[in-house]
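Shared between the two complexes below is subunit A, which pairs with subunit B and subunit C, respectively.
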Partner chain A sequence: MKIFARRLLAGALLSSTFLMSGFAAVAQDVTMVLPAREVGAPTYDPIRGTKLNVATTLIYDRMMLQDADQSFHGQLATEWSVTEDGMEWVFKLRPGVSFHDGEPFNAATIAWWIPKFAGTENAFMTEAIASVEIIDDLTVKFTMKNPDPNLLSNMATTFMGVPSPKAYDAMGDGYGVTGAVGTGPFKLESFTVGQETVLVRNDAYTSGSALSENKGPAHIARLTFREIADDSTAFLELKTGGVDMLLSVPADFRTTMEAEAGLTVVTMPGRELFYMPINTTVAPFDDIKVRQAAALAVNQPEILANLYGGIGAVADTFLTAALLEGKVKDELRISYDPDRAKALLDEAGWVAAADGTRSKDGTPMTVKLWTQNGTEFRRITEVIQAQLAAVGITAEITVLDPASINDEYKKMTEHQLAVRSYSYENADILDWFFSAERLGYPNVSMWTDAVAEELRIKAMTGSRTWDERVVNFTAYHEYVLTQFVFAPIYQPVQSYAFTTDALMVPEVIRSTRVQSQTFLDIMVK
Partner chain B sequence: MLLFIVKRLLLLIPVFLAISVVIFMLVHLVPGDPIDSILRVGATPAERAALVARYGLDQPILTQYVTWFGKMVLGDLGDAIILRRPVADLIAMNLPHSLALGSLALVFSTVVGITAGALAAIFRDTWFDRGVMTLILLGSTVPSFWLGLLMIMLFAVTLGWFPVSGARTASALVLPVLTIGLGGVALVARVTRVAMMDIARRDFVMMLHAKGVSRWRIELGSVLRHAMMPVVTILSLRIGWILGGAVAVEFVFARPGLGSLLITSLNQRDYPVVQGCLLMLAIAVMLGTLLGDILQAMMDPRIREGMK
Partner chain C sequence: MSALRFLWGVARTPRGAVSAAVLVLVILCALFAPWLAPYDYAIQNLPGANTSPNAAHWMGTDEFGRDLMSRIIHGARTSLSVAITAIGISVVAGMTLGAMAGYFGGIFDRVVTAVVDLTWSFPEILIALLLIAIIGTGTESIIIAIAIAYLAQFTRLTRAQVMALRSETYVEATVNLGAGHAHVIFRHLLPNAITPVIVAGMLATGDAIILEATLGFFGLGAQPPTPSWGAMMSSGTAQIFIAPWIILFPGAAIAVTVIAINLFGDALIDALDIRNRLREV
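Then we have the complex of A and B:
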């Protein structure tokens, strides 16, 4: 029996050695194109950076990762607990982890890391943490100033990748530009901002999370991320084999790419949402009935079908479908209802003429509809203009560049309606866009409401646990929906494409976008 | 000649001062600021105000200008707000790419343009002239981004001769150079043709014909040489364009360059970078104009005399 067990063990070892050598033999260079939104990220410094790209998730491990279903899974932290009052967190750290420069990762790293955020643009990530205490070499305790149920979510973001203290302090302001050192599955070899980033595999890597099949070194030996701003060029690079994978595929190119032999296009739920903020302080939208009418005039299914070929989803709340706080009562969802829109305008005193246009006391119902430059924005805006006209609202379109449009919003009284989008994965986006502290921009709706402020503050600071936070943000979200301060429009999908001859990409993406957990499992043919 | 050059250089000083004021004011008068681009979701108004103060954007515009100009004359162009690097480093990273692309395109358009223009003038009103002029018309009207995509489709996708994009290899320069160069060919050829036809009607050319000098010797030795004056003027004006005018081509071919850096930074209102890039372009235009003046003075003694 002992001999059989030994042989079995020897056989298993041989098989695994063969498999590993097989993977090593096929490991090759892979070139990918970064998503358009990530082009121009200036640094790989997660502490001070405000725009980071996906390569950051490969250089740095995080304490934990978030799955597509919003659940958390340990990476540098193996387990964690929080007291009932939310005032103390204890994290157990993964043993045997080293940075790319050979420095050990341990509790002292965390004690150095958390205070580094103070005074940076990312300070809010850790501002609820009063102190970090080293319990032992692999255990730390956070004592909080106030409960922060969003702490895990923050720690799972790219901005909380853990850098090597020695390298970080040595490089000073140049950190992230001249070099970047983490514990992740890839090491930074070179970085030319706006052009390309080259990563090489960390052969000593063993920190793969539960979200990856592969817990060890990546199958890709050398990974180049190119930054190509023009979609046509990126597509032609993929078609000719100049690159192996596009991490984002624009909606206009999806059908063309799907028709190409040798290319696989995969779509997954998106993180973006198009919406139309309504300036609540400028007539006629200071009347909630008119706001509601404008919101109900937006025909989301038509936009989804005609502009996007049915790919994506209608938006009927302010949050993307993946967020738990987006699961509001059905009757509060804002959906196309032209008859109700017309009735509301009638009730508000806006009388329809024979040609369908409306006026009140001799004033025609003509409103400003702003949008930013770019084909997609202009197309959606033109459709919405037609949809508003169908209920009697004449909208005049103005196109501005993104920086100028923000400046115009800050004048507070110049705008009425606008078409905008955001890409974000946390319900606190509601606070960003509707807080009375940020009127003009980003609160384009210019909305101040005592009840809303009470609910917002409760959602932001009055929750002790994640579940409580979900409940509080859902209540705030539901109230926002009742006031028609915006009209939801459309939720795009995310798409990526790769050459089937070159790569095998996992079918299930265990994240809200393709990042480190997926890269560990990508195999080169 | 030395006196001529010194005088022209001295004239550049007030021009440079005026340009620095115009650049600074234009950049700061455009609506928008860079802070919105670096502000994270969740930042409070106080945090925004702190960022504005950190970058000195809360100072009066005149104070900001004096600070920037004072540093600039000492060679410090400041640090990029969004890109978080010294502006000089960013320009140094991108300038070689712009110079390589622009100068090769200029050489291509000069050689091919002068040759095509001269041949069209020599064979004026023939099928050759009409053919060249039709091609020139096409070349000057086709947008460069579209021409670039056509080039990629033909030479990179169909024939596979060159890479689609990037700046990793020398071969990656060929298609962008052709794309930009063809636009320049049209301009240079048109100016050369018109100038040669004008010169060809002058009395001294008639006299050379009357003396029995061969046609080719007259056309290439006398007419073309005299027709180079307007061509030199056009080429000197294009030196500034070489550095910053290739934005669309840089975009299509995913190449770095000053033009792309300028447009990206302008979209994000990264003031120090925009100011640095515009200043570089202004200096290039001024030096190009100076070079053109010197070349013209070398070719025409009347210009030198006029400056005395």
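Then we have the complex of A and C:
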């Protein structure tokens, strides 16, 4: 009897321990929905990828991270210095760091990594670096072709996550899809493009930066990122407990979510900008007057007030308001002016009929307006369609899948207008989207212009100091604005939401968006 | 005249009367949409977005401040025109293929039957999505996709009817008297095979409305601002908690129309007493 009682007690203890450990494991599993803009990122290859999502920052550590106040803090680099002429940078690397495949991270990694960017679409990130010299196992020196005051900023972008050389070379073109190996706080377990990414905790992680309270392994054991393009579906998933956090909250649902018990909604300054690139090579937009008319037809205040309830800001340049290079002369800002738009179309020979539609030599003014699937894009696009119609431009909408839309632009087909957004906080986004070397995509405007190229190259490579860079990029930005190769639309704020019962998210976000430094500190209840 | 009298007879049954009344209403909406709709379906009024149903907007407004009732009335035109055109094409093509396969037999019959059986084994939505991926989005693409998706049904049905009729004495007599193939097919076989195909076509129109709405829901059909019930429901999903009428009214329009078509089709089947012939496929 005594033996039976003892066995019963032991069994009960074992069961309860098992159950508790089971619950703990379940409780440490977190599911999040990626920001709508990041849906369809086709790869986790930071070197060759042109569209990456936030999970990239968890698989890979970067040399440094950028705080919300734009200051830089070391992650894989612990110290750095630059010579007065800006021609040499020395980086001290964090000791004791290993990749998920067990390979060591050291100076040889950097010497392998930097040259890998050559020939890729991200080459501009490292273009100014002439050579990488290994000083010792944990020290590297960059010798520059020209001073690059933007080097630290580049090093902090998602595209400069450092992959494992061994894994990268072994996987070849499949790298980033079939596997991805970094030194970050999470390992990639599975990735289904456009659907889901599953990460598991890197228990050996010790590289937390000064921007995280937690320097060791993440509190979350298993992290699933789901890709849900439809806002209402994402909201319902959060509301019904299917997911624990939305990394972007659509404007429509902000008020509803704020009223929901058990949900916390946090809003922070935006880094995204919606705009309408105009294909300068296809008629009628090869005529600058027509481009200007289309740009001036976009009623940014109406979109801000009615689609976003006044939250966010109008966009009247190509850069977000936080950037110094966005502070251009007022007369160059592109703002709604329907009368001027109509006058320009008249001047260009597009005659308005009684019903308001325009034609020239018998050709009706009907243009293609591309957008991507997703509530926000479709809605802005329909409003833009109506605003263009108000000045006599008939726009036919084509909705494309987010995962394939960039490939369509790369084909350099006859797209004319498009509604797009980018999320980036550096003036070199101008180079990315308007360089004559990147026609089709990212230069959706298909813009080639000798003056622009001169200004662009000067901005990218001719600046010795940060202040000089600001001046050069401002000049380039101002020229871009004079050519009406795009129409600015809207600058949203960033919002994210989480279930209070499941997660504790730091109140202060030490970055310009929720990424690795915040994920390290997210606690699971 | 006798056909009209027959339809009038069907419409006098309780089930037929209700469904016919609804269908006439929907068809009138589709035909006279520009005159019946109280507002321009495309004109946006953003400050008036998501207004609940009221005296000025009986069904409220959508997220762009457009009158929902006007869009539903115009949406009837999109849904019916796509469904009827697609099924019409499918019926004509299916009857032609089925009649030829059933009449001539041999290799042609085996090839047609194999292809039809292959497409029959996939859901219509899958075939339609596949075709749209190839030919692109838009109203014309949806019509072609739906027409091809339903082709197998009418081909099989006509083939079965023709094969049964081919051994009838009057057909054999006509052949023995030296009538040409076209004469036999178009004068004797198809007129006698057409009734169940027409009824099946009517029932398929209801399915095609749902398929059109589904494709429209995914943004593959009529492009904005042209209203389609499926696309309206799709945009309504984002507003479901703040303006549920945007999704409810188009959803109700689809449901009521499809139920009416199915009820009327059932009434037709009973009146014609062809349930067994439809089951042959």
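The rule we apply is simple: the second predicted complex is superposed on the first by the 297 of 525 C-alpha atoms of A that agree within 3 Å, B and C clash if a C-alpha of one lies under 4 Å from a C-alpha of the other, contacts with A are read in each partner's own complex, and residues count from 1 in each chain.
As a convention for this text, a residue touches a chain if its C-beta (ideal position, glycine included) is under 8 Å from a C-beta of that chain, and two chains touch if they have at least 3 such contacts.
These figures come from a predicted structure and were not determined experimentally.
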{"item": "Of subunit C and subunit B, partner touching more subunit A residues", "value": "B"}
{"item": "Partner chain in contact with A:K145 - subunit B first, subunit C second, else both or neither", "value": "neither"}
{"item": "Touched partner set for A:K327, first subunit B, second subunit C, both or neither", "value": "neither"}
{"item": "Which of subunit B and subunit C A:S232 touches, first, second, both or neither", "value": "both"}
{"item": "Which superposed partner A:I397 touches (first subunit B, second subunit C, both, neither)", "value": "second"}
{"item": "Touching partner for A:N306 - first (subunit B), second (subunit C), both, neither", "value": "second"}
{"item": "Touching partner for A:K525 - first (subunit B), second (subunit C), both, neither", "value": "neither"}
{"item": "First, second, both or neither for A:K215, with subunit B first and subunit C second", "value": "neither"}
{"item": "Which superposed partner A:V383 touches (first subunit B, second subunit C, both, neither)", "value": "second"}
{"item": "Subunit B and subunit C footprints on subunit A, overlapping residues", "value": "230, 232-233"}
{"item": "Subunit A residues touching subunit B - in the complex, by the definition given at the top", "value": "40, 42-43, 50-51, 121-124, 177, 192-195, 226-230, 232-234, 236-237, 239-240, 242, 401-404, 406-408, 424, 426, 428-429, 431-432, 437-438, 441"}
{"item": "Partner subunit C, residues of subunit A touching it in the complex", "value": "230-233, 235, 250, 252-253, 256, 302, 305-307, 373, 375, 378-379, 381-383, 385-386, 389, 396-399"}
{"item": "Residue numbers on subunit C that touch subunit A, as the complex places them", "value": "42-44, 46-47, 49, 63-64, 137, 219, 223-225, 235, 237-242"}
{"item": "Residues on subunit B engaged by subunit A in the complex (per definition of touch)", "value": "30-33, 36-45, 47, 51, 80, 82-85, 90, 93, 149, 152-153, 156-157, 160, 163-167, 251-254, 256, 260-261, 264, 267-269"}
